[in-house]
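These are the structures, in structure tokens.
Both of the next two complexes hold chain A, though its partner changes from chain B to chain C.
Up next, the complex of A and B:
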């Protein structure tokens, strides 16, 4: 074996980078704030109550699980609060309290704790909860019905429902700039595109999420939507419409990038993000659901362990009886 | 931040948010406005999202309540809900026509008179 040094480490004392899991969680909450503030502005006290109840119940479920499983209390890392926050951002402002409690239970207990807690969850906990709510109580996620009593100064038909039901003829009802600035109905924290992009760029800048996943997700979604649109503009919406509506931007920056359920190497991250983007458009354009982001990311979460098998070749040489 | 301090912050955050959540849900329950803004008409052929405000406001189509709610006699009288007279089942209905026919009759007739409004099924019914 050559004497080339493969790994060099120095002795203690070490210098702590001052980064912590709780810091990461609070940075994610901070990044979500611009999009949330727009939701609060549109939907008022009901939205504030929903977010508060969702975050607090997620913390309580995690605390109860820690106690029941006789494990150290982990609510201090802020991850439960983030799960509650992201789930709340995806829901309409009029979601009933019991659905929040069921949703956060599904997210924290079924989505995370039974797998072993932080870092062990194979799927994004918030998306697990949302998928269960969507499949169990479809009407909870029917934005047109849930937001029927809100009178906001823009076209209030949920863009993706309108697109699914009435085709591209509805697109002139929405201005792309308006969609970008949050002038659309939807989840509390999903409508304000500019706010989500600012939050996402902040997280990328601070190194809390990987740009490879976000960018490849958006690129995959954009290119697939473009191909559909070019092939039949009379049936399929333009890619910018897909980019600015539904859960696309929150998916790209806050959901697909969840660390435990996404790959860590460059090529797997690109494949993961792009595939989720492609699948999202396939579900939206030819699938049964209006928005494909939730199910597409969950599908790719499942594929994550296989994708992460694609990794750089280990340096050095294997030796038997070493 | 030390683990103990992190935990204290989380306890405080959880309690404060729980109080805000409970108070918000108790103090601001979902209320239907005096005059409906939009209503969803459930239908086996696909739901219809009817924008009441657009139909009744001056900035919209400017129709009076009585144009559709034909039972209204006084201007300030609260209109009767369509389904109170026009029941789903025609045989059980006091009115001559059931809910579905009542809506079709009033919507399509009015849209045809307007000349510009849609009269085909798929423009109103969610048929995705």
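Up next, the complex of A and C:
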């Protein structure tokens, strides 16, 4: 053996922005905290237990899949924890433990790992799980029955269910400011609009999500709801109500922006976000479901690879040689 | 002096020489042994003009490049101790000549064509080996003939200061060099490109002066073409094919000194970047080993550190400090092992950072997927691999720490190989 001093060799560049996938995951979890803390405040220890179970089971599923598929262990990148966290935020605080385990299994294994892991998932894993739960056990996401034992100091009827069943006459029961401040029933982390917006703006500021998607989603949803509302105020809720209820804000800042399943070019991002927003209102106003965010984003996830073909011309592409 | 991002697009600011009060260039003493990498190759086989054991003088010709009339020269006086083959970047192989140097330089009579007229033939014959590595062959014999020559007073890679330093301290020589260039080339325009702060000074040089904010990656030739000259270079085509050639300010200064003062320049001015990111300007004989330079500067390195010939964005890491500096080594950068960011083999997570950072609008997220699967031809055809201007920002911003730039360079190399194999089959 030579005792010559050797250096580390690799290809350029030798500087790095020092950002990482795990860093991004932790920032997303951090950004989710304001909304989450409000959920804990409303629903207490049960909500904390549910979030903990969801995150830990997601991590365990991921670890098991790593072992089974003989792949490097990837739980350190924090993505499984994010998936578990986001799924828990969408669920009511009284979701039974088995539903959480099934949900995180569907999210991590069916939504992500069978496609090859992080980056290969065509759909948002948390939303895959939620859609499966929603379609398999409809009652799990019936917020009014699930949260019937909670008596919080505000109108406890789930706004979108009430709207679907009783029309716009229910809207005066809610104050828009109250909705914004989290005074509505719903998933653990979906009710507190202000918290979600703070988290979203933080992620945009730090560059962890793309503002184009969030903004176009909200704009698409707002404008479509506005058109409905203007055309028939007696049947359709006003756009601000749509903005502040259901999964709208968590969808805009945490779900639609999932990296792997959303486009990266500017025009596709705008089309993707706006279409998801439009589709959400269509489902809410004339579709069968109360909330359209989940299915709308999943639909657009599917369209993502085609959308992302719309891209700027690369420098010097297709030019004749001089 | 941290790199920082402007909102929106990845832009890295340059270190500017003016911020420092005084320019000190540390002379590295002549080392006992130099190694010369004879990198340039021509068509046909190269002819070595020396053998092991020969005594060579400074400026003496070592190798005739191809069939033409240009040569590699010795940068020291001494005895040839070894001739080996070295494999460099992109798999290029070339002779490496080691010479045990004598303390006193004896100049070869022909050395550097000192006092010769500035003609194209002489340029090719005598001034191919100048610091800054001017490529006179493509500059003078290009088809079509060049109409524009850009003298680069801006450094290409971050933290490098050689060219700025030349503009700042050698403006007279630069002015003369530009006159010679006027005689040398048939180019209608000679443009001197300098950082904004050196603009007023550069006006003296008698060339068309263009100033620019030295922001990476705008300093790379193909982006200079776009931003300074307003020409888009087609994918896979050299700037020279559009009639524009580039010369480092350092090469022009060296040319001028050879012609007017009879001083053949066999030393390279370069920037040494220490572990704490402080810079030292040094001047060392071409062929001096990195070890000799670092020892003179009392810079210690350990096993596992990283030593880079060139700058942080597109330099070349070396595995041992025994390797020498060449005519094109603008810097030596030392990175502590604790500061190295390791690459990983994760999948692309499609975050799109690279797509937004890419100055050539390449769909890097898709490109890297193809390159990981060795689909080089498709990568070139569908996903614009050949539009890449080789800035390295994709790797810089990648949160998955995928060696994207490495993938692209490998892809280009493999693509060339496939193409030349196809051509020879036809």
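Rule of thumb we're sticking to: the second predicted complex is superposed on the first by the 303 of 322 C-alpha atoms of A that agree within 3 Å, B and C clash if a C-alpha of one lies under 4 Å from a C-alpha of the other, contacts with A are read in each partner's own complex, and residues count from 1 in each chain.
Convention: a contact is a pair of C-beta atoms (placed from the backbone, for glycine too) under 8 Å apart; a residue touches a chain by one contact, two chains touch by 3 or more.
Keep in mind that this is a model prediction, so the values were computed, not measured.
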{"item": "Partner chain(s) touched by A:264 [first = chain B, second = chain C, both, neither]", "value": "second"}
{"item": "Touched partner set for A:71, first chain B, second chain C, both or neither", "value": "neither"}
{"item": "Which of chain B and chain C A:81 touches, first, second, both or neither", "value": "first"}
{"item": "A:20 touches, of chain B and chain C: first, second, both or neither?", "value": "both"}
{"item": "Partner chain in contact with A:156 - chain B first, chain C second, else both or neither", "value": "first"}
{"item": "Which superposed partner A:97 touches (first chain B, second chain C, both, neither)", "value": "first"}
{"item": "Which superposed partner A:117 touches (first chain B, second chain C, both, neither)", "value": "second"}
{"item": "Which of chain B and chain C A:311 touches, first, second, both or neither", "value": "second"}
{"item": "Touching both chain B and chain C, residues of chain A", "value": "20, 23, 77"}
{"item": "List of chain B residues in touch with chain A within their complex", "value": "1, 3, 6-11, 13-18, 20-25, 27-28, 30-33, 36-40, 46-47, 49, 53, 122-123, 125-128"}
{"item": "Of all residues in chain A, those that touch chain B in their complex", "value": "20, 22-23, 44-46, 48-50, 52-57, 59-60, 63, 73, 75-78, 80-81, 94, 97, 144-145, 148-151, 156-157, 161, 164-166, 290"}
{"item": "Chain C-touching residues of chain A, taken from the complex the two chains share", "value": "4-21, 23-24, 74, 77, 116-120, 207, 210, 259-265, 308, 311-322"}
{"item": "Touching residues on chain C, where the partner in the complex is chain A", "value": "3, 5, 158, 222, 226, 232-237, 241-243, 301-308, 310, 312-321, 333, 335, 337, 340-341, 343, 346-353, 355-356, 359-363, 365-366, 384, 386-387, 389, 392-393, 395-401, 403, 405-406, 409"}
